[in-house]
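Two complexes, one shared chain (chain A), two partners (chain B, chain C).
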Partner chain A sequence: VNDGSLPTGAFVDPTRSFTFQFEGRTIPALAGQSIGAALYAAGQRIFTRSFKYHRPRGLFCVSGDCPNCLMNVDGRTNVRTCVEPARPEQKVTHQNAWPSLEFDCLRLFDTFSRHLPVGFYYKRFHRPRWMWPIFEHTVRHIAGLGRVDIHHAAHDQGAMEYVHADVCVIGGGRAGMTEALRAAEDGGQVVLLERLPQLGGRTLLVAYAGDDELTRKCRSHANIRVCLETTAFGLYEGNLIAAFSGNTLLKIRAGRIVVCTGGRQQPFVLANNDLPGVFPGDGVLRLARLYGVPAGQRAVVLTDSDEGQALALQLQQIGISVAAVVDQRPAAEPGHKTDWPMYLANTVLSATARARLISVLIQDSKSGQSQEIHCDLLCMAGRRQPAVELLLQAGVRFRHEDGCWKIDKEVPGISWGKSPSRQPLSLGERGYDSLPSPPGTGVGGEGEATSKYFVCLCEDVTEKDLHQAVAEGFDEIETLKRYSTANMGPCQGKMCGQNVVEICARLTNRPVGAVGTTTSRPPVVPVELATLAAAHAHHPVRRTPLHHWHEASSAVFMDAGLWKRPESYCGPAEEVRSVRSSLGMIDVSTLGKFEIVGPDAVELLERIYLNRWSDLRPGRARYGAMCNEDGILIDDGVAGRLATDRFYMTATTGNADAIFQWLELWKATWRLDVTLIDRTSAMAAMNLAGPHAREVLAALADFDVSGKSFPYMGFREGRVAGVPCRVLRIGFVGELGYEIHCPNACARPVWEALMDEGKKFAIRPFGVEAQRILRLEKGHILIGQDTDALSNPLEAGLEWMVRFDKAAFIGKEPLLRLQEMGPRSRLVGFTMLDDARVLPEGSQVVDDGRPVGRITSTRYSPTLGKSIGLAWVPRERARVGYRFEIRWNGMDVPATVVPLPFYDPDGIRLKSC
Partner chain B sequence: MNPIPQAVARTPLHEWHVRHGVVLEIQDGWYLPASAGVNISDGLILTDQSTSAKFHVLGKEAASIAGELAGSTDLRANEVREIESAYICSLAPDRIGVYANSTNATGLHNLLIELCEKRKAELVDMTGAEAAFNLSGHEVEAVLRRLTPLDVSPAGFPPGTCAATIVVGIRVLLLRPRAPSREAVRIYVPWDLAEYLWSTITEVAGNLT
Partner chain C sequence: MSFVLHCPHCGPREVYEFRYGGQIVSPPVVRNLPGVQHERWYHRHGCKQWLAAERNVTTNEVLSVRSLEGEAG
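On to the complex of A and B.
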């Protein structure tokens, strides 16, 4: 516990204290402290259990990189408690251990680790075969980190922000601040991202003295937006940076990106290097300088560079006594008189712990003599490796030269920080080859039975595992990574990447440069899925102008693309009966609605549609279908002629946008003098259908709607309920019907006027489900429902429409070839022999037990009192009376082909005068 | 036949206004909110201006019609010119938008009819096809940054320009007038998506910290 000799911590406010709960204990904390720091101050040393062997793990990096502090916080799993701020009343629990962190039954795996070699899941549990499902279930249950509680209430929804800047600097250390200031003073708009709560980077660890001049300048510069507690996790094409701040996802576009992410001390590989009490030097400094918590009392420093002496000095300053500095180099000058013993050309062989670290064993590499030093901290001051993950993602490449990684390929728009005091981006190489390997590092070596030399803490990969993987042939860095899973854990190689490369190089007798590095992919730090989902939090909804009327009328809505459409109001059967016997009305505002204007308007329709349009007179409408270049049906609809050079055309709801683009494409391709106007969002439409439709319309229209002057497939412009409308007399549902198109803004008054007028005929609104039954009774196909990506008009029952005598239309050639060959299958109507049974759409049509087709639409017809449908069957079987079976749920259910349409075959009702 | 009462047009936000207690009054055949706008957050006012007249001029001569309306020179891409009672925007080489500030724009409409007839261009009344919002206040950029990938800073989207862009997944036209200040943006959105966009802006603005 901080006894007062330490600074309070750069992030800590000592005046505000509170408590939180950890495993039933009340833990005191200061505002600004991380959960991990508060727990450590309260005496907690084991924070989690390791992934594979369930070994005790304690705080390590204190930077959110390693997996040693993952816990469950308020229901969120895998929270990095070393950096997660403590908050009052939090509930923190352990994970990956049972029953407790201190005593974990699955530690058994550590004892029997001999039977769990690298890639054991590829080799074990496959025999006997019948046992595999049991093994799989067990392995799946045990594996993984943390448990997601799917019943847990969702956390705050993430937010999303787009940021644009001339320059984005990633990293708020001295180098980052210098770059940001330089760009800002050149007049650029700068965004500076820093993942900690304060600017300063490593300077905060050396001697925290509050804001310095550089920090103040950055914070006050008008051109710099400082984003604290913001972590960049991906760098993508087009200078796009993905970052998060809390649960807000940031997408940052910058003209130039400067990566100043500093470096990390690479850990040493030694026996039991994963025990609580073993830290990288920076971890100890972070705990003390940022959070005001000393990591221990007596430390041994292990180093292979001048960092060791500097660290020892720092430790002394924060009140930790230095038991020894163990330097792997054969000779090194401390530069000044030291207060601690120096062991040159020595290395630490192993660490020993009970509840806490108690000693380390060091060995002289020349004499081979070893000795034990008592301590409660082992601080590893390895050579610093720059954090280059983001640069690698951007496409920057490195080559290994003179013992360092150096920039080999630059990327325009991407640069890196050049702190004046240090060499940037030279990945140092630890002198593995110059030192004797510690005993037990080889496969099956001495000491391996009781001690492990961890390379990858995330995945519990030991040096022995890498030896074995290379021996099995996985000697390329990418295959070694995949087979051993080193670099594949939560830290994504930040802690172990360089060690794996160097070990691979040593084992394969290649230079480090020839081994190369693994691929860096986003995210470089774990990101909560809720944060990523913020980018897709908005789901557009299209509402017709009558939406709220439907809502007030208790409509049950269904999704039709982005549209919300009423599926039904009072039940589809009732709605069908209303249309057939009296009157109904449906909102069809979702239809695509286009105007085609210009001298070549008719020519465009002639080429787009299968049928003829040049003979359509103004005031008349026609049904048409269209194909793509392969002769496949893509859409259908009705178009009416307003004038010689003006048509009004409809398309199906789902295809409206695509068909408008289709028209634009062919207009441009054929260079037609046509203007296309999309009126889908401008016009509402409603279909008034039923035997009394004419009487209702007549009461509200200012034009003659008698059968003689407004016959079937007529098209009129006039006022309905005082609103200028376009009215098509069509009959998709098979009754006398009018499709009334009016401006959106006046749709509600028109609809309400029609509903009021229709009251005397007990008018009912009907929904999409009733419409589907009605159209099926009439035998009208739905393109996309009854057709698929192989359906053509000659087989779908639309051969009457195809005018091969036209000069050209899209799909003519393939349809001509198909006509010569003859159709292979046909879309036919059928009824079930058991009248009431409705089988699922898509069920197979079988003949002699073999599938020969499928059913596309099925419904129970309230009008006919039986189940009806459409099905694709082979041409030779497409004859009335042919019996076939439909396979459903393991049974073959009999049906028979019947003539279409099922209802009003002569169209008497439809064409009623 | 009984005389049919004149239908009163409604904006796509009509129901939203009613549900939120906004007083509506009838003006020029429309139900209009009586108040100037809705305060959706500190420093942000959202106003439903869907009733304002909107026209598109289509065809090869669209640009020259824009030039004739706005002055002697043709409009540059994405440029907005302000004439007495409307904004003129170049939307594409063969399409301009003319967005009036008021519901009643008979004079402007007649002028456009005349110009289009003379130059054989197609005039489309977009008043009922697009809703229009005005978002104003000092948090305009902050809220837009949460809605659109467009650079909405004065450098990326300066006053006197427009941008056809994506806002919360839908295609809209953003228009930043020169006056009265850079802290106002007009949003033109397809009618059927207007309520969704309005609600989303309101929600996002409410969550601004």
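On to the complex of A and C.
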């Protein structure tokens, strides 16, 4: 690819250029360049201010790991600009600095850092006590990185994709591609994840074109799905991989997972090692080879392995002159003549910068002599540590022994890229170089107040901080991490983890292997919440077969679970009047509708419901309520008997699924010979209610609907408007009414025929709100509205239904105990004493100023001309005429207990004819 | 929690397709102990049947899944 001329950048299309905005400046960029690379090319060197000391920080890893390039992009906070592709016209702004990146007032903290030692917030401002809230507020305000704009809306909703594969390979470098091809040749379906826009991994960073063939094979193989710009961030049990691509969340379930995530260069700990211009060697190569931006002109390479020579060669090829290679090893021969000065057994003591890096101070470890070398780059070619975060999450365990990684525990189904070399653990093309040497020499720097030896760039933790933390007793790696906060920043220890372990080992005189590692948890890289929420962004909507009729009749819709239901058409008061005085009809297709068939059908109902069912004759229906094992009300509804072994049962809209599962559970538990059919989505239902309901039904039904042959709580099968229907004569709203169930496909003709026939009685459709008023006037409770997870039938006014003489029903034992103890509270009806105000549902019932209950349903009754409601009150006060107050808006509003139901107490309108 | 249950009717499926239905214990007192536990699962996005599973609650390894009808007593 490269013959020595300067690289254009593997990801860059030099023919397409555009501009974007950065702090009021217009920045040119080439297509494919990252925001960070374009800014660097435009001369920007300071990208962020550090977390604690507000020191200037510039590009560092150029791989999306470290915290040095976090900026706000178009309102998105903490974007890793070193890898985020630049886009035309986007607006990029800095974070965590005031007034600007170049001059930040809070740099003050750096000067006074001796007053902010490790864990200072555990020690300072505890006395006087009143200072603490002020201090806490201040620290919270200053701390942190970007501010989240809670009004910022994601541009587009995330999506989610489930992927299934025989093999999932994470990492598209040479090792990953080799593994993917091998698995694909064996006939497996392979998914290959690569976080960058191209396959190749580290081979993209060197002038080496040998893998083009491998890349081409991978891309063209029918069994391999290559997912570029896709980052795996978590590995979970059952071989589940969580990954994201843009704002699409991928959940990948694979038979086998191969982790080929390569390694990272371990940074050196030295004085001012956080200055802009100090890079890991890979960072400089990425900037040049991937994005076509040279990081500087003159570099010093610091190394403790053969990586240094290799890096120096690479730097020359990308046009950066090498001022020196400083090798910490005492006697490593380069093996060939080099074009640059070699300093063996030397180390870099410190870096110096004004606006930019100007020099490094190196020292001979034998003679102690030091000298300054001018440069604008310090490239650290540290040992390569395998990126094991995902493997650790999968449960694989390692042990550090003799400078090598050894496997302690393997996990079936999880493997990692095997390098051709002899390394015990290598996740990528290059192995871990097994030459142990202590990082840095930073302890000596304590005398120099201005120099800091950074271990953790994310949290501004210095080597001195770790010393102090260990001296204070936090000498185990997990407590050291928590106390010093090293490893706890955006990189989660990817940059600093190994240095912290090695420093801890050195300070506690233990071998590195005895220190262990900190726990690795998902996510490996920061994931936007909008992406994680993608799984929940999809809200299915259920519509009844009459939905379009309601729409055409200008219904106002409301949500009822997943359903859309008409709340009202022309105003609930008008609709209530229509039902009471003449005729109305409501769509109740959302009810749960179950068919229960088999020899044990009646036995199932006997045990599920509180009341008796064995004596119900075919052609009759009955109202029933049910409890759970704790005697708590869970649902109610009407069931009708079609034949000795066949029932048709309804459940409330919101509970339909749960009740069907409830029936299935007890059917299986008791091994009853019964079949349950859920017909909720197959059947429509409509409730025709009002004094003229019979006349309308009579005109359309092919069966006798006279009061004598079809009495209250009767149940008929027959044709209505030519359609086979099931008709229940019930009265939820308190008027003569028929609930007509028919197949979905015929719902509209039946509904329209009834509406047509009802015209002579000025029929009106009514919505859920009118139904709620009507049922409240009638004193019918709504389970879930008037009851909660502590309400039982004995207290909710359903004690008449509970048949303790039945052999068994769910909830019998707790209800028996409750009956012995005596109920404590009661659901009663009330009206407001002085006015027609409707107080909010849930308001407290107070007695002598003390809260003793609450109100559950309140409405203005157009029929009675007053405000009515249901309330929980203590049992001793549940008597007609008892006066209590409802606390509302700081006032206590008087109300009084009245008998239920409010309307037609004897049910004459329901049953008389 | 991301394990897979092998539904006897539908085959291997994500745990998200199921609803947990509590421990199968007698007497019905919930015991929170590590190790293998008998529990009910309802395959709500599949066959809509109740199942009885043996699961190691420490490792989330699912040892067996059967129809509940054969299990309960």
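FYI, the second predicted complex is superposed on the first by the 844 of 913 C-alpha atoms of A that agree within 3 Å, B and C clash if a C-alpha of one lies under 4 Å from a C-alpha of the other, contacts with A are read in each partner's own complex, and residues count from 1 in each chain.
Everything below uses one rule, namely that contacts are C-beta pairs under 8 Å (C-beta built on N, C-alpha and C of every residue); 3 or more make two chains touch, one makes a residue touch a chain.
Just so it is clear, the model here is predicted, and its values are computed rather than measured.
**Student:** Would you sort A:R824 into first (chain B), second (chain C), both or neither based on which partner it touches?
**Tutor:** Neither partner.
**Student:** Comparing chain C with chain B, which touches more residues belonging to chain A?
**Tutor:** If we count touched residues of chain A for both partners, the winner is B.
**Student:** Looking at A:R671 after the superposition, I want to know if it touches chain B, chain C, both of them or none. Which is it: first, second, both, neither?
**Tutor:** Second partner only.
**Student:** Using the superposition on chain A described above, determine whether A:Q661 touches chain B (first), chain C (second), both, or neither.
**Tutor:** second
**Student:** Just checking: does A:P743 make contact with chain B only, chain C only, both, or neither of them? Give me first, second, both or neither.
**Tutor:** First partner only, chain B.
**Student:** Contact-wise, after the overlay, does A:R253 reach chain B, chain C, both or neither (first, second, both, neither)?
**Tutor:** A:R253 sits against chain B and chain C alike.
**Student:** Identify the partner contact of A:V163: answer first if only chain B is touched, second if only chain C is, both if each is, neither if none is.
**Tutor:** first
**Student:** Tell me the contact category for A:R542 with respect to chain B and chain C: first, second, both or neither.
**Tutor:** In the superposed model, A:R542 contacts chain B only, not chain C.
**Student:** Enumerate the residues of chain A that count as touching chain B in its complex and touching chain C in the other.
**Tutor:** Overlap of chain B and chain C footprints on chain A: residues 253.
**Student:** Across the complex, what residues on chain C touch chain A?
**Tutor:** Contact set of chain C toward chain A: 1-4, 14, 19, 21, 28, 40, 42, 44, 48-50, 59-60, 67-69, 72.
**Student:** Please output the residues of chain A touching chain C within their complex, sorted ascending.
**Tutor:** Touch list, chain A to chain C: 236-238, 240, 253, 629, 657, 660-661, 664-665, 668-671, 678.
**Student:** For the complex, give me every residue of chain B touching chain A.
**Tutor:** Of all residues in chain B, those touching chain A are 1, 4-12, 14-15, 30, 58-59, 122, 124, 126-130, 145-146, 148-153, 155-156, 168-170, 190-193, 195-196, 200, 204, 207.
**Student:** Okay, in this complex, where on chain A does chain B touch?
**Tutor:** 159-164, 189, 251, 253, 538-545, 547-548, 562-563, 589, 597, 675, 677, 679-683, 699-700, 719, 721-723, 743-746, 748-750, 753
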